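Structure below; questions to follow.
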Amino acid sequence: MKIFVCIKQVPGVSEVRIDPQTNSLVREGIPSITNPFDKNAIELALIIKKNHDAEVIAISMGPPQAEEVLREALAMGVDQAFLLSDRAFAGADTLATSYTLALAIKKLLKGSKDKTNYLVIVGAQAIDGDTGQVGPELAEELNIPQITYVQKFELKEGKILVERIFRTEEIVIIETRMPALISVLKEINTPRNPTMSGVVNAYKKEIKVLNAEELKPDIRKVGRHGSKTEVWKIFVPERKGDQIIFKGTNEEVVKELCKKLKNDKIL
Amino acid sequence: MGLFINDELCTGCGSCTESCPFVGIELIDNKAVITESCNFCGACLDVCPVDAILIERKEFEKEIIDLSEYRGVWVIAEHYKNIIHPVTFQLLGKGGELAKELEVNLSLVILGANFDERLEEFSLYGPDEILYIKSPILKHYYSDLYVKALTELINEKKPEVILIGATPTGRDFAPRIAKRLNAGLTADCTGLEIDQTTRNLLQTRPTFGGTLMATIRTPNSRPQMATVRPGIFISPEKSKGKTRIRKIDFNFKEKDLVTKIISVVEREKNSENLEDAEIIVSGGRGVGSKENFKIIEALAEVLGAELGGSRVTVELGWLDQDRQIGQTGKTVSPRLYIACGISGAIQHLVGIQNAEIIVAINKDRNAPIFNVAHYGIVGDLGEIVPLLTEVLKRELNQE
Amino acid sequence: MDFTLNEQQKMLRKITREFAEEYMAPVAEESDQNSKLDEKVFQKVKDMNYFGTCIPEEYGGAGLHDDTISFSIVTEEIGRVDASWGITTGVHCSVCAYPIYKFGTEDQKQRFLIDLAKGNKVGAFCLTEANAGSDAGGVQLSAEKDGDEWILNGSKIFATNGGIAKSLLIVAKSGEKGSRKELTIFIVDADTPGYSVGVKEDKIGVRASDTSELVFQDVRVPHENILGNVGEGFRLAMKILDYGRISIAAQCVGLGQACLEASIKYANERIQFGQPIGRFQGIQWKISDMACAVESGRLLTYKAAHLCDIGMDYGLASSMAKLVASEAAMKAAHSAVQIHGGYGLMKAYAVERYFRDAKVGEIYEGTSEIQRMVIANRLLRKGANIL
């Protein structure tokens, strides 16, 4: 069977800060990392590979530097890695991204014996966009069932059994069959560290770049053209409250505080 | 369509590169150059001092959809065990406002098995119409059923705005519907507005973990879909009005389901995880004694918050090690952090710098904590904290 | 001349840094207090192949035997988080495992190298004795030939990894040529009867790294365990130390880097007199000096590593690297504590450990004084243009 893991290179979000003086993003020295949820996805794929006869293929859509995350995936132990990169793919929203990823998966499945014997594993969401939409949209493109927000996974005799979070208090146990798409939460596993030998071997492998010529997309469905959502404005959120010290009697200050917190939608 | 730089005007000042959140523009040989990562957000345009940047938002070869065919605001209900998720009512509140501005109807769409008796109750929340898709199979949430039923209904009725709660359920089916309809979807919105001239829905949401806000629109597709963060909008006051109720029988066979629900389990309450806590109430040396921590705990309980403490409270044995916040303890990023009797030494502050709102209660006006707190009360926490607990108890019970 | 790292080197740095911060950092303080490396971390270090960094894959290593810059980077990143670990893996790899790879017979590689590379056994290199420190020629541990075996008698002190090592390179006096001692290096298995570990030293710094006395009482070692040839001990020891110095230098660079990072962070956060102390020149100069010294040490280390990889003579370069990097680390640690003021003395801040850990760098694997002699002698003999 084949396991496709779609991964994304994102900025190390916890380091992203707004410079209070210029009100713009401080981008110096912010490392690019593999989206943390995607590491959980890779780990799941590698665990399944250990127990079943599976080939793990990592795919990422991005600019040339996204190769780094694919190298890291190879260093963790995936078998093959593909980079989908082309000017035409740039500026894509989740709709266009999922279309492009689907094209690559379809291409890699073409003529393969695993045409219906495959899994697609993705992270629940990317920490920069935070949408969590690419997974379901990709499943729709491939016309396969999806199970999102999975925290436990089991594959036995072709049957997939997962635990999916439902509301904060409930988990649903769902069964389905391959081919299917799973999106995973951090709780599902602890991703392995790439070992040094892993790194050395990763650089001996080739990361194939699939561009527009290779994928032959409908040009209206990729990149900017294929995107239905458009970023209208980017702004820095108002810094809530500006060091207000309440004055008055105990009752008054407590009341003021509650009022402000309600206003800030914290309560 | 694209972003263009007029090389002759460009002075290589770099203001554009500083303003770009996406590494979409770079300086090469002292001239600005657009890269593949450009997201066309236009932030650079706004800051260029010589107006050397131009965006062309011309569409090319896009299908012309007659947007005017699409009218109406829909809210898709979420429920479990016949309990409606609060976000549904919150969306009826906001949806109602949007519908009013657009001068269209607000519809509540419910997929379920036995809501017949409750429809009248839902109508009190203001929808002009309730579309009730009925089937015994819809007792549970099934991804494929929701997607199938809703896309058919949407294609038939053509709403212009669809609001869905940004819950694991909503965020599961909404994108698949969007893809099936080739419509734009914005996730986890915290702000919704109408652009009067175009009837476009302006959807605001946090990105980069909340560091930056983005306003999104979908000018060339309908319906405009948004999943909305629970707890942002407010349910409307109940009132009697005219609501048209339409029941739709949904024919779907169990054997056609692509996934099977084996069982549903109650989740164990997550053991204290300070790092994930949304609200934290913390105590420091000013609390005075282990006994006195009870008043801090009471406040935490009323807020549903986790309990934390500065290093000294752990060293003095008032709190367990895993409650320690700060340089040698945990780093937390709650929406609300209430520091009681904590002076604000830098070792503690580094653990809370990512908190959205910091409230400080301390009797020392000069305590450094007041330099980083958004809201402060100078006073005896022994009096303030119990009072705050009482007031909050009252306020929150009113909800 | 390309001063940038290639992609593979950058990734090695990244994963080692992440690994060290995730697993070594949380227990560094505790390990230091207990004078013992954490066992769980030990297993993880083994899994990551850090015991076989500079050994080829065919012997179970990570395959960086011909990429000493990568080896330096890895050691640097480990040393940045925990000097004790930096020394443990650094010494194990560079002066025990690597010499067996470079100078050992195929039989010796099969018997010893594979276990060392995989971390199944820890290695050590033992030269120092009570009467032989800087004066390496003063070695007294004797090796007497008896048929096809040699009998070792004597003791070694201050052996890094001594107490936990299972395979050790022992420099012994195997004979005399006039007034000159003849030295031979033996690979000794710790399970050999007559071998025992003596006192484990309680040190000021790198406390979690094991430093022990080793006692040899009629320890019988087969002739096949001689590294190189009889009488070649001194020459080989010098070569082994040449390579070892690169890894020590790298570990010192890592420590210096840690001091620099801590100082910058504190200087930006600590407010006194209404502003971050980083605005004051006194602090700025310290940081600047620290950075220049550490970076100099780093560049010298990479140069020595590079010369080693292209097969050129790198003894002078590695000596300079070790001298500069170790003194840079000590200075950096000293400044770091000073910048932290009172907090620099407190265990809650890592800089006090950096200060204690830095000192060893100026002493072991050839004291700074010896390095200066080595460097000067070379230059005086061959002229400045050999640089």
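Observations
Note that the chains take the letters A, B and C in the order they are written out, and that residue 1 is the start of every chain.
Keep this in mind: a residue touches a chain if its C-beta (ideal position, glycine included) is under 8 Å from a C-beta of that chain, and two chains touch if they have at least 3 such contacts.
Source: prediction; values computed, not measured.
Remark: among chain pairs B-C and A-C, A-C carries the greater number of C-beta contacts. Taking each chain's centre as the mean of its CA atoms, C is the chain most distant from subunit B.
Comparing each chain's Cα centroid with the centroid of every protein Cα atom identifies chain A as the most central.
Centre to centre, using the average C-alpha position, subunit A and subunit B are separated by 19 Å. If you average the CA atoms of subunit B and of subunit C, the two centres end up 52 Å from each other.
Averaging C-alpha coordinates per chain places the centre of subunit A 41 Å away from that of subunit C. Of all residues in subunit A, those touching subunit B in their complex are 11, 13-14, 16-18, 22, 24-25, 27, 63, 85, 87, 89-91, 93-95, 98, 127-137, 139-141, 145-149, 161, 164-176, 220, 224-225, 227-237, 239-246, 250-251, 253-255, 257-258, 260-262, 264-267. Looking at the complex, you find that subunit B touches subunit C at residues 311, 327-328, 346-347, 350.
Within the complex, the subunit A residues that touch subunit C are 68, 71-72, 75, 193-197, 199-200, 202-203. Contacts from subunit B toward subunit A in the complex involve residues 1-2, 18-21, 23, 35-43, 47, 57, 60-62, 80, 85, 141, 143-144, 147, 167-169, 171-176, 178-180, 182-188, 202, 205-221, 231-232, 258-267, 279, 335-336, 354, 356-357, 359, 370-371, 373-379, 383-384, 387-388, 391-392, 395-396.
Those residues of subunit C lying in contact with subunit B across their complex are 269-271, 348.
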